[in-house]
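Chain naming follows the written order as A, B and C, and within any one chain the residues start at number 1.
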């Protein structure tokens, strides 16, 4: 009972305490300084406002700085406004609620602080936000600073470091402060020290700081000043400065006559046509530039056009062209150049590692896509052109499972074995119905499975439509693992890598440690002998084909997770899978692994050499494979001796 | 009798297994020679080396009066040098007629353009007839080779070798799967052929070898164990031990 | 490389035709077909057959020609090439370069004739180049267009480039004894590499856009398309006839026996003293050249060529045609190519009536590929001789 009374009393008192901190009242204390601020008077006002810690303050400071605060002339109260053209709505300065409507513009005065005041407000704002209680606001403030580094931010930033409770933000603040010192520090020594600190910073921001310090300006001078901080001297005519560009600089700088362009030549000739001739030359004869120049020179001699500049080289020889650092302190530029080089080396190294990881992830996809093919090819000598469609079938199985099970993690757990089962069944069916009748006719098998491939592809199109279907990965597979600012690898790719390793292990176990594996190896190496030893090759073939197809189904789910599921996705992988098998060598898990690794690394490497053109990369890779087969027709890991059947 | 083929110090191994181990022997012209030996003695590998299918790891294979080396030459080149080979399993072109099979084997220029502009002629036809008579297939010339009996296919293949007019004939188990009458005829064909050229017969069947009545070389573990007349080698205790005794 | 094919029947006409009666029958059927189409066409006859269908028929004849080449290389020599459409496409590109250059040149010269100051040769060439390569953001002629101004040289390219490519590729592959499915995959890789190369914008062949406007023959702008398509139809028929006779002549007698023997047992042929690789290379190169010629006749009728045409799938379809028509018979390849490609355009063009099953309506545009795929499997399983084997049975029964 007592408690209820107490609560009621509290409720009564609440509005009172709110009025006590009314923002408008706080502002009215400094009404005149706010309405007509000057660089001198604004400092103490800002300090007091900041000290109040009022939650509406940041928004007000921003509006004040942005000339969005108005004062009502009648009572001097401050408002935000909504401008409707002919009428104006007044908004409360604290809550932004509507205070009055249909106010005439003449009754208000817009507050327009000058540049110096606005800068002071900005500093206060940053300082204020840098120590705001909400970490998100502090983070925003840091983002704002790093977007546009400005010397004025250094003081507030450094002041806020000591009280920063969040370790991550503190680190960021220190880093930003270091950037600011590197660029705007007071002494040469402080800046060089800050620049040295950047040597292990591979982030884009850190690298931007260095390149901003090293910004240059192209200059032409007859004599370079002694104190110029020269980045490099340019010779007109080399790849960095064409002769005409160099001359154009002189035209702008020293008022030399502009160059006569080919366009000008043609215009002048056209302007002086007289009865099919110009400058005394027949127009029909002007099919060469030699003749055109001569005509122009004639016209120029007659004073009809400015003469052509003919001694370009002699003029250019009198001038020195150089890129000068905007930074005049040579100690700073020297340090920055040195650090930039070392950062570049580290970045290059990291990029190599990054490409390596990309290659590994690509290789694991190729491995998954190709291993099923390798098994069927190795054991049965059968090229399954419909293998790609089994991959597609697995991916669509995953998609259908997601239609029924909305939880992505659970649906993935269901989809993996289910897609294996579906494609295993499809593979066994295909083996029983078609392939079994075509043994010892490998080329016909190739074509018959191709027939199945086009039929399956079109069937999928008829059932699921032509647009891509999503196979969404669970939330915990989103995002990427950032190793540093350059090296990062998506979790989904790590998952595919793990899947590939699992299957490698599983296959090795099945092939080396189980009865089935023993029989499969026996059939691979000598089918006739195996069958005379009581191994039923029919059963082995069926199971192997099912196994190979089932793995294709799993590969389909894996590929579907990071690419789209379409009816044509199989054909995107089939040729690469063939290449992987052929390069690796038939009938050997390690061979397929080697093939996938080689092709993955090669493809990434060529893409890196020629990043703008992935098509060219693929072209070169295929050409390489064609050549590779010439020298190792049996692949990297080849069966030897009579077992190879040659 | 001059030396036609000289093999000296030849070795070859597959994955560590020595199929041929320091093998040396010679064949003269004309000569009929039988090679016997247990399974895995290297008989087929020896033929593979001579015909260019397998490259030896070391050793020399010298051919003919000028003693040219056969190592590194292609199979077809070696064949054109005058070495014909008959495989264990009869390999004739079953889809084609006996006459076409023989015509393809006839000793003629082998280049694609020579063959493209080749015209049938009376000389060629006569040679085909003669070979067909030798192998007893005169009446079957127009039949498809696939229709022939096993023995007839063997003879056709020998006939194709004869049509090549080689100086050396390598024959792998010609009598396998034949009836006694067919064996007799095969023996006759081979003995007849050996009058003018060198013939090397690899055979398991002692009876057949005895009927050939020629010098015998016994191979074991990739090298020569014994050489001489059949009676001579069958009395060699080592031979009895590794081969006949089993 | 080969003797001119018109000289072949005259050298020993009786025995060649007598030994190959199918050649005579084929030529007769082709002649009747050609004359029939001519009599019914818009340009020269009653107009029952539209010009666009004449083009379709002309293109089909070209497909029959490459199908014969495929049959020779696969059905006779046992090399399942999954890359012969690459040669077909190269032939098309080679002739397309001239067609596009000559036509653009005419247009550009026309446009520039209005300008006051006559253009320099370099300006003219730049204008043509930017007209042709504007779509890929280039304005200069790539090196491979060096001969595009000359019809004769580009015609030579139609033969030389497929021939040289086949020679080099075949030499590499056959030399290292790549056979069977390995070789098939290698040829597939070859055509894939070519397609990917052509897809690039800086390939110098207008990337994805391909070459277009090829149906307009420079110098014949005033001639109506009906007559131009008739001329190409005739040219295609003559090419098919000559190609058929040439291959029949090549495959006659001993050379044909050796080729078939290579298909059946390559190693044995080698021990007979034949250099198998040379024979394969000869057949591979010869068929590639014929494929190039077929392509050069096809694409002016199609009007456009783009990199998709040489994608691996096209070459696989080629194998499907030959398999359905019947391998190892030249006329089988012709039947297969004509039947399947015409049926395919009938079904996918919406010509076939939809089947209403009550609960579902079968639209053939959607289901044709399913039908084709499964019937192809059925042919492979139950009917390995293809349609051509029906003729064999007929001949056997009548004799």
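Note that in this section a residue touches a chain if its C-beta (ideal position, glycine included) is under 8 Å from a C-beta of that chain, and two chains touch if they have at least 3 such contacts.
Predicted model only: the values in this text are computed from it and were never measured.
The chain closest to the protein's centre is C, with centres computed as averages of CA atoms. The interface with the largest number of contacting C-beta pairs joins chains A-C.
Centroids of chain B and chain C (each the mean of its C-alpha atoms) stand 46 Å apart.
The mean-CA centres of chain A and chain B are about 70 angstrom from one another, to the nearest whole unit. The residues of chain C never reach two or more other chains; the list is empty. Those residues of chain C whose C-beta lies close enough to touch chain B in the complex are 12, 250, 253-255, 257-258, 260-261, 264-265, 267-276, 278-279, 282.
Residues of chain B that touch chain C in their complex: 51, 53, 74-77, 79-80, 84-85, 87, 91, 93-96, 100, 103-105, 110-112, 115-116, 118-120, 160, 164. Every residue of chain C that touches chain A in the complex is listed here, in rising order: 74, 80, 116-121, 169, 172-173, 175-178, 180-182, 184-186, 188-190, 192-193, 196-197, 199-200, 202, 312-313, 316, 319-320, 323, 366-370, 372-377, 380-381, 384. Per the touch definition, chain A reaches chain C in the complex via residues 266, 269-270, 273, 283-284, 286-289, 292, 377, 381, 383, 385, 434, 437-438, 442-444, 446-448, 450-459, 461-462, 571, 575, 578-579, 582, 613, 615-616, 618-619, 622-623, 625-627, 629-631, 633.
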